Amino acid sequence: MIFDFVEGGAYDEVTLRANETDFSDITFEPRMLVDVAKRDHSTNVVGQKIAHPVMLSPAGLLRVAHTEGELAVARAAGKVGAVFVVSTSSNWSIEEIAEVATGPLWFQLYLWRDREVVRSLVERAKQADYKAMVVTVDLQVIGKRERDLRSGMKVPPKFTLPGVLDVARRPRWFLDFLKGPPIALRNFLGIIEGDDTVSHGEFFNKHLINASANWDDVDWLRQLWPGPLLIKGIMTVEDARLALDHGVDGIVVSNHGGRQLDGLAGAIRALPQIVDEVGGRADVILDGGVRRGSDVVKAVALGARAVMTGRSYIWGLGAAGEEGVERVLQILRDEIDQTLALVGRPTLQDVDRSLVNLPASWRSGTKG
Amino acid sequence: MIFDFVEGGAYDEVTLRANETDFSDITFEPRMLVDVAKRDHSTNVVGQKIAHPVMLSPAGLLRVAHTEGELAVARAAGKVGAVFVVSTSSNWSIEEIAEVATGPLWFQLYLWRDREVVRSLVERAKQADYKAMVVTVDLQVIGKRERDLRSGMKVPPKFTLPGVLDVARRPRWFLDFLKGPPIALRNFLGIIEGDDTVSHGEFFNKHLINASANWDDVDWLRQLWPGPLLIKGIMTVEDARLALDHGVDGIVVSNHGGRQLDGLAGAIRALPQIVDEVGGRADVILDGGVRRGSDVVKAVALGARAVMTGRSYIWGLGAAGEEGVERVLQILRDEIDQTLALVGRPTLQDVDRSLVNLPASWRSGTKG
Amino acid sequence: MIFDFVEGGAYDEVTLRANETDFSDITFEPRMLVDVAKRDHSTNVVGQKIAHPVMLSPAGLLRVAHTEGELAVARAAGKVGAVFVVSTSSNWSIEEIAEVATGPLWFQLYLWRDREVVRSLVERAKQADYKAMVVTVDLQVIGKRERDLRSGMKVPPKFTLPGVLDVARRPRWFLDFLKGPPIALRNFLGIIEGDDTVSHGEFFNKHLINASANWDDVDWLRQLWPGPLLIKGIMTVEDARLALDHGVDGIVVSNHGGRQLDGLAGAIRALPQIVDEVGGRADVILDGGVRRGSDVVKAVALGARAVMTGRSYIWGLGAAGEEGVERVLQILRDEIDQTLALVGRPTLQDVDRSLVNLPASWRSGTKG
Amino acid sequence: MIFDFVEGGAYDEVTLRANETDFSDITFEPRMLVDVAKRDHSTNVVGQKIAHPVMLSPAGLLRVAHTEGELAVARAAGKVGAVFVVSTSSNWSIEEIAEVATGPLWFQLYLWRDREVVRSLVERAKQADYKAMVVTVDLQVIGKRERDLRSGMKVPPKFTLPGVLDVARRPRWFLDFLKGPPIALRNFLGIIEGDDTVSHGEFFNKHLINASANWDDVDWLRQLWPGPLLIKGIMTVEDARLALDHGVDGIVVSNHGGRQLDGLAGAIRALPQIVDEVGGRADVILDGGVRRGSDVVKAVALGARAVMTGRSYIWGLGAAGEEGVERVLQILRDEIDQTLALVGRPTLQDVDRSLVNLPASWRSGTKG
């Protein structure tokens, strides 16, 4: 059940994106006999100096992976200087997470129907000193797999028989699970009442999803939130241009739908065109398919200022809590460090497009 | 035996086409922050407003899949507003199917040797208010697999020993099977006498197949049938042009031979060139390889007004009769609906070529 | 042992070529509503009208597959009007095969060191009314697998222990095997004496292989043999041009080395360029990778007058002797017939390059 | 443990390069009827006539594969006239190997931090009559797998429990192993004291690796070593140009990182551009992915003067010592010989780019 939930439940944010394989089609052109003794993998995104170029994607309901959930993640991210993008649907509240965090926090939200709810959350994020706002725009409807959960996964959970049997085989996890406060979307305590038995899917559908969301909502949010504003879920140059027109500070190239929608290219494939379109007027972040440090360097070579990753840190969380997340981030940092040395670019600032070769097929695709 | 028959017996019409994989080479360019709250997946084909863009391909002998056969299909199609293209070789007659149908029916036929037989069927279809005529032109000879059936599958069936053993393991299906009238090509009762022991293959070969069929036959039929006339089985721009010259209203791009003839491209691959050639002078329908709602949206993006699918609904029929067919069509409709939302095109009318990327290899292939 | 021998022993001629897959990269552009009632799959090669466009490749030592060996093949080929290209290293002599043949025979030889041996064989082929001479030019050295046979396969065979055990499991085949005359290269009885214990590989190496063979030898043979002369083993346009310069009537495009030499393209891939170079001044035959009737039609579309196939008929021979070979040829003929109908080209003369699409990658490869 | 060590321990030099598959994308254009009776596969590299175009890559710690280690390799290489490139980290000293060698020896080193150590080794190599110096430049940091060895593989080795069990199953190897002198990096006896318990990885990291190495170090070495100087590890035309500017005699195209760094192209793929850039001003050698004689001919066709191979001879060494290495080299020589005959190019000097076709995708890749 843990497995199913991580894979299936925290659907939107746990980037199960397609096309990790697109990364492997990119090859390096490594340079030798460059002095690489002093290496630096810090970066600068939306005006913020960040020590670790890998950000932690927004992912809901992390207490299901580990009883400490988002608190453990926030502590681990702080230790290595990585940005943790806290999900709206986290199991601990905005304030609870901010209290334990030692590193930079960003906040993720949706453009909901009820603007008062959005306004209230934005205000709380501002008060709790979150450093940037990430708006997820590619959840226009509840995806297929989400819908399948309706009968099973409740918030708070109602265990089904298979679920109970599953728990019986993992007594330690279950005890840990029970030690914490009841699982809930704690950002919504007090906001949305009387819905304690709705499933995750129904909850999202009823309160969060807004199929009418459009650029006017972005304009409204832009007024509300003075800090850095990023749009997550852009895959086309057309939308990147619109994002610039509406004053965003950053664009997260992401094919959220890798498994929700058949037929999307890998996010890394959409990246270079969007970077070209943006032309430095906003910062671009790549989300999706990042598994190794070399993937991070490839994304930076194609113009990303940083990357987001979800699944890898959630597995770290499930395996060993705070320490697991920290270890995953350390491994990625070591791999980035080693890649920089071996390709002859001591810092991320030295990484540019001349470092990589793209397959011919990426360029020659034709519209329609 | 059921399996073998559906796969092998209803050979011509049950599109077992090659190259579903061609669909997966097409990727979407999804647009975000478009108001997609009001979605519409109706379409307009040969002047007819149709609620469901998925049509049910002509398939013969459906009583083998389920005792109610075409009657169940006609009822299910009507419930979701899908067009059912009734096969010449159906197990219920033109009139019997029309009687139970609640939605639009089209009729499929071949350009047979004996024009009187064709004339009679066309007249009956006209009387029974069938809305369009679909002429299948890609069965010039009996395919290989058809021929293999000669010794086994009779019309009416003569059970072979393996067949009998097979039936013994599925008593319920067999009882259902016996409840209905004897299996027969009921459109031919009274037309073709004394052939009650010929196999399906022999029957086709003797009475239906006409290797001499040509565009003169289309001209003749064009005079005979005043309503919308479509040609099914076109794979080249040259034939599309000829079809226009001969006054057809629609072209069904189809590689019927996907498994009959080695070496045909996927139908979806032939689609865009044919759409370009036709230039709106006729409506184009895509038949072959459609498995998911996203495939339907891709076909529409490349210029199809609708798609036809065979195998999926026949499995639905075999599994759960009328309800099974309805469920299959509902799933496809839901997937189309979701795809439209996720790519930012609320209606099928908003779907155009800018929505998709084709692989470079599709364009650069060279003749000979 | 039978299996090993057919696969490995009759090395040169039994086309085990690479890249049957190259055939599947070619797709048809089928035309509909063409009158295909009257179909004809005869062809015309080096001035000879031939009923069946599939020729039987030269293959040595066929008595190992079936006790009647080349005699059975010659009878079967005659029944369907196919050309049997008799190998120099056949187990029955030129005259013995001619005696039973009812259809056209061609003869295959090598450009050996000892011209008197060649002269003698050419003279015998002339006397026995063989209709064309095919010179294999791509066996400059004994290939790797051939060499591996040295210790095992003798002419006549000396059975090794594994061989004996193998035979013990197939008593019927062994009895048949013993019924005939002792296995020998009967064309060489009287020519090469005292070598009854040499292995197949050693025999070839010592008496047949001539690493110095060159176009002068072709000129000499051209004088010797007044009938149609074909060169087998050409893979480049440069060699095709030379073949024309040296007065050949036909070119057999063949990558004999499919398994002997790593790194050759499929023969079908080399075909169109060679056909273009030849420009009708000689007839081109395709050898290698043909498994189905549709492959034959593809080769003809790319300019071949006929194809050669080896492995398929040898398996037919091993399985059922004369009848097996005939059946294999009938299946291929039926498949060709059906393909012609389904692509709308009633005769092989109607088949041209506009019938096929080649993958873009075939054209754009760059030298070095 | 042997396996792990050969695969993992002698990490740098045992070319486990990626993309052997890149070789198989290259096809030959074989020419027929060329007199290939007299074949010659000798070559000329950095002014030296060499009988065998396959060189033995530098590989450290060969006594782990076989107790005689580098001594056996040197003897075997001499028997077939192949160049043995002795690794800095060999288990026998420069002088010990030179004493038994009967063929040409080259020496490999790194550009270490302590120039006095380098100067001393260069001087010894000069005295011992090594014919060329190969500088490996692509080990800027210790790779991942190297690091994993830290706890296990010591110099001299400290056996772990799994290691001991493994040894218990191979008593003969272990006895042989003990017969020789203790395993050590004998070139460093006297140079580096008191480090007898450091692991291989730690030793490399502490004493050999120099992340600051740059072209100034090459200039310094160029002054020190008057004989032929080669740079190993170049993958880009930019670095090839710099190598020329710094006066090298040869460039070894090598993607040492095939398994150390994700995302490098196969070495053979980088070869033709580098050869074009160099334009004959230095000799180019290909290292990586060579498994068969045909690969050698392909590399020569693309402009390499010779190739290096590591893994194949080390397996030969492990399997049968000196005789095993000799056998591997003989097989490669036979395959080269046969390939030359079958493609119609009797000598390596006849091999040029017109012999091969490259896939279109190699040329059309775009930077960034």
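Labels for the chains are A, B, C and D, by order of writing; each one numbers its residues from 1.
Here is the rule we go by: contacts are C-beta pairs under 8 Å (C-beta built on N, C-alpha and C of every residue); 3 or more make two chains touch, one makes a residue touch a chain.
Being a predicted model, the structure only gives us computed values, none of them experimental.
Student: Return the chain whose centre of C-alpha atoms lies at maximal distance from the corresponding centre of subunit D.
Tutor: B
Student: What's the distance between the Cα centroids of subunit A and subunit C, rounded to whole Å?
Tutor: A distance of 62 Å separates the two centres.
Student: How many angstrom between the C-alpha centroids of subunit D and subunit C?
Tutor: Distance between chain centres, rounded to whole Å: 44 Å.
Student: Where in subunit A do residues touch two or more other chains at once?
Tutor: Those would be 360-361, 364.
Student: Which chains are in touch, pair by pair?
Tutor: Listed in label order, the chain pairs in contact are A-B, A-D, B-C, C-D.
Student: Under the touch definition given earlier, write down the residues of subunit B that touch subunit C in their complex.
Tutor: For this pair, the touching residues of subunit B are 137-138, 140-141, 143-144, 211-215, 217-218, 231, 233-236, 238-239, 242, 255, 257, 260-265, 360-361, 364-368.
Student: Residue numbers of subunit B touching subunit A in their complex, please.
Tutor: Residues 23-24, 26-37, 272, 292, 294-295, 298, 301-302, 335, 337-339, 341-344, 352-364 of subunit B touch subunit A in their complex.
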